[in-house]
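Multiple structures are listed underneath, in structure tokens.
Paired with chain B in one complex and with chain C in the other, chain A is shared by the two complexes that follow.
What follows is the complex of A and B.
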């Protein structure tokens, strides 16, 4: 016999019973396995950047938890119908609302606890690897709101449609709007066009750019409307729950004050969701690649985050990266140093390299050489003519698009980026500019001299890359690379201006 | 009067489940007999405030259950064992009874003691921590009785309470009914006329939604003098009254 030394209030004791005898714990091992194999492993494949890692919370965790949460909540909600206790509980003085609320809270406690435990594991893992920043809270809030609303939806379905098949049907059913939201989000990211309201209200999206939240804060505008929208639905459904017994059995309605409170809850929930929907409709792209909602936007979040870059030392060619990307500083330096050494001392040759934001003033920023002394600027998202060459992203995001992760390609992306900028000329930040045949041959030769294997030049040369031209470029590159370093350097010193101007032919290369 | 109902009727579509019942009851154990479909369960559900009457008046514990505040007060003092008791398999005996004690809005401090007493009264002390899924049908019935009496009700409604109980348990249960009937109105709906004979101070027999007999068990027995069929005098009385009602 359980004897309580200090009696809990009735509601607390009823909640404790519901928590103690809830079905969720039985499913936790399965949920943990799904979390490990999907969410955690996906996050592990991303670079240890907080915002990027946190994106798996809505994009993976929420989907997994929603299916379980919806089904388990429906199971809990259908209990009185399935177990045929409706007649008995209808004779109880305690309002049906309070009774169902305790059962709902019991399931929700477990699900939120499991969700937060998953977030904790994810964030501890990220904290051990990240070199800058801290855990973002908005994805957690949006995810928790998502779990809550799905739980309330599932529970309400269980109350109104009690049966053995309600739980599995709800578990499957809740995935539909989530997938619709995901598809909408994909379209939005591709086209940034109208019709984005639902995509913005759904927390599920494609992974954000790798530098999201690094150079600029992620404005909380969109998460705010997402949380408002979902909490509004949850509150409205909770109000509907209190009306359920009144609709089902007149005698068990909780009286006029309770019905008034229920109607008020429904009205407030609908108002909150409608407001969120309306606000999402006013969203527009901001200057740094995100979304802003004018009514909620704070200008402070548009300001760059002040940081001190991490730089290499002890080398003539200094490489600096944002501290969030310190984990690959040595790799970038190792990639750029040999190429920088090949062109050191030549006019316009960069004295160092630094990482910059890939968007500024609503425009993409591409790699280029600028300043005095010249510095090679590169963005994590746009290095050379390739995009987003991060190992982590390569191994997860881009496999689907056909780009195979390749450490050599990643390294050459940086090298090509530097050489493209150098050969085309200083202050070139306008994105992809095709090289002519001689420029391509020189670039390939310098890559060979730096120990890299030039990639197919087609992407570099654009429409100029006829097969016979490619073969001639390769031959000229091998010829030029075979020269002693001093000879290459001397020739470049003498002919660099002409080479940049496009006045050198392949035949003129030594 | 703990129960005062006048010309109460309840219809389900064209089917008149309760077709005008008058009943005034004080404390004591009241037996409700009748064949299947006589309207016993519908009458009990109306008394349990689950089912509103189609017409007529019902007053319970000197309150009008149509008023929400009064209905809530009635329910705090009500014990109800439905004919088909549902249960939550993962709950233990104590947790199940405690759950309903909480739903009956008993003071928190009184709940543990009341639950322990109720469980002991139905002789389930040894199974107090057993999950309901592990109990037999008879034990589950006793759990149902425990939840019905946990709040020491002033009005106790029991629909087929002894179904599934073994003979020894039935004897104990009848003794419990007699004790409860000293301070409360206990209405027992049953098919088992021997329960009525052993535990009830008054009995009513329903047929086709109406009460066709009301009196003591002895008076019902007397109706059977040489006319009815059955193994016991009370069964013969029951049979004779029903035959007369049918004719």
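What follows is the complex of A and C.
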């Protein structure tokens, strides 16, 4: 007897029939097109950092899968009622629950298979581009739990309300709560510690900061309660399928043990969801910008991830970045080298630059010069007055961030960050400190000398940027930049302390 | 007794009345077989959800793309409901019943579309719907056209799938600030290109749906 001719068990045969007859495969091309445009293109716009790229799974994939999963599951669930074959199938020797379970499993198999295929495409693409780390699994689990619960909700609606309008109404009926949950989740992240945190149960949220999971592990606390909440709902609804008054009679073939099992499932599902809900209410911000749930939190995830930075080797000014951002190393070095050369040898001039974590001890870390020999510290999120520097140079930025991709502006952001720190003085990591007019003029002059075009000084000078001051600063900057490099260097060596102290006026600049 | 009374033709007014009554009955039967009364209830439910979304501020404030998200989902749902009413329970045999079927299909689709706009606008009345009734109407018109086109391929019962796919794509287009006129939910109310595209899709869908009719299958085998 060959392997192929071995008869399958009854339940496996029923499942195979449902898999063969399911409507999901007909919709797969449409789902693939939406996946390509929405999920894949959005992920492609993010830097190839695993945690950031994986965030599109719950934030984009889950939404597009939900519309189809809910509708198609409702379509499968309403089959017997739609065809008016309830009396016919009631003569089956098996419980209605088992019959419905096979139909549900058939739809779920296809949907989860399509979901995992999409995840595989996304992760293979990321693996080919990422320079550090590995694929995070919690977003996949949360997404799969989301697809599962939406499928079970749709199927249950189809069983109880069989009709031609059930499928489209379920499709939009699951999308609206997902969007409302997303809105609440965004508010939770904005208000951080204030307000309630139940909205963290929503698997859909804003993309995380670019360095999430790079310097510190991402604690699995929030994904755990999300999965628990969604699986609890799915289990409870699966139990309800057997307990509904109309189905109880049909389920009598299974008898009392089946009803006991159904009640147990409903109780377990409700308990799991309620526990997850209660746990989500205890969430609080952690020290590195994420969320932790004390009952689930492991202190091990608070420890920094040990890593050896990637550094440039060919230049006197050494630039180091986290290996997750190695793809930016040459660009950062190319941006910083010209301005570092302009100030080399001056008191407090940095001998190198290194990337540090953007959050430490619950506080944002800003760029600045520190150490001996001095080193310019910058973060993926904060360089000088600009934020989100490692979110992308040429990539399609997520439009919510309001950042327009511009390679020249990106390069200049690093240069200004370095010069801001240099002109203000060492050990200034406290965020935005406006320059005075003379400092701004010197910075602009050094930028011009390094081959860049200074940005509008209004953002640099803050409240001091009166129109007449801006014009005077520009004139002084052009004058100072026109000096020979040796003359600029000599003047700075002689007057740097006074310039940093704010004792130099525009008129005193050569 | 003579046969004069029997042979005498009935008065013209009575014939017209009977024909009108028969027409009304035919229309009513057509609408009932398409579950149009239940569809109107479903459209009213969509209007209710839209009202709830606006009243309780489920939509985002500020960014245009975010403001449009939930209204677009509901409008796509209303259009999907209209597309699903395309299904006939009689299959091909219905096509041999007379010449009125295309007109009935046309009347039902246009009437449902107008009713959907009215009911959703009623739901939004008194609340602040982003970009107003024009975008709402354009979205319903265009996405209904997509649904009617889909019904030619999938049949009426699965005609909701393509509107859902288009809606999911437009959610992406909203965030990426696409400007192509065929992504009309992204464009402003008075945008001519968006109106042309939405109306062209609706006209094509309506024309083919009226003439050809949705794909029919007596056995619902999927």
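Here is the rule we go by: the second predicted complex is superposed on the first by the 477 of 510 C-alpha atoms of A that agree within 3 Å, B and C clash if a C-alpha of one lies under 4 Å from a C-alpha of the other, contacts with A are read in each partner's own complex, and residues count from 1 in each chain.
By definition in this document, contacts are C-beta pairs under 8 Å (C-beta built on N, C-alpha and C of every residue); 3 or more make two chains touch, one makes a residue touch a chain.
As the structure is a computational prediction, the values presented were derived from the model and not from experiment.
K.L.:
Mind working out whether A:99 is in touch with chain B, chain C, both or neither, as first, second, both or neither?
P.N.:
In the superposition, A:99 contacts chain B only.
K.L.:
Classify the contacts of A:27 with the two partner chains as first (chain B alone), second (chain C alone), both, or neither.
P.N.:
Only chain C; A:27 stays clear of chain B.
K.L.:
Where does A:14 make contact in the superposed view: on chain B (first), on chain C (second), on both, or on neither?
P.N.:
Touch partner of A:14: chain B, not chain C.
K.L.:
Touch check for A:490: first (chain B), second (chain C), both, or neither?
P.N.:
neither
K.L.:
Which partner does A:83 reach: the first (chain B), the second (chain C), both, or neither?
P.N.:
both
K.L.:
With both complexes overlaid on chain A, does A:91 touch chain B (first), chain C (second), both or neither?
P.N.:
first
K.L.:
For A:482, using the defined touch cut-off, is the partner it touches chain B, chain C, both, or neither? Pick first, second, both or neither.
P.N.:
In the superposition, A:482 touches no partner, neither chain B nor chain C.
K.L.:
Identify the partner contact of A:63: answer first if only chain B is touched, second if only chain C is, both if each is, neither if none is.
P.N.:
In the superposition, A:63 contacts chain C only.
K.L.:
On chain A, which stretch or stretches are contacted by chain B in one complex as well as by chain C in the other?
P.N.:
Residues common to the chain A contacts of chain C and of chain B are 21, 23, 83, listed in rising order.
K.L.:
Which residues of chain B touch chain A in the complex?
P.N.:
45, 48-52, 65, 68-69, 71-73, 75-76, 78, 80, 82, 84-91, 94-95, 98-100, 102-105, 108-109, 111-112, 115-116, 119, 125, 128-129, 147
K.L.:
Taking the complex as given, what residues does chain A use to touch chain C?
P.N.:
Those in contact with chain C are residues 21-23, 26-27, 30-31, 33-34, 37-38, 41-42, 60, 63-64, 67-68, 71, 75, 82-83, 163-165, 167-169, 171-172, 175-176, 179-180, 183, 186, 396, 398-400.
K.L.:
Residue numbers of chain A touching chain B in their complex, please.
P.N.:
Contacts found on chain A: 1-4, 7-10, 13-14, 17, 20-21, 23, 79-80, 83-94, 99, 249-256.
K.L.:
Name, in rising order, each residue of chain C that touches chain A in their complex.
P.N.:
My answer: residues 35, 38-39, 42, 45-46, 49, 53, 58-60, 63, 65, 69-70, 73-74, 76-77, 80-81, 83-85, 87, 154, 156-158, 160-165, 167-169, 171-172, 175-177, 220-222.
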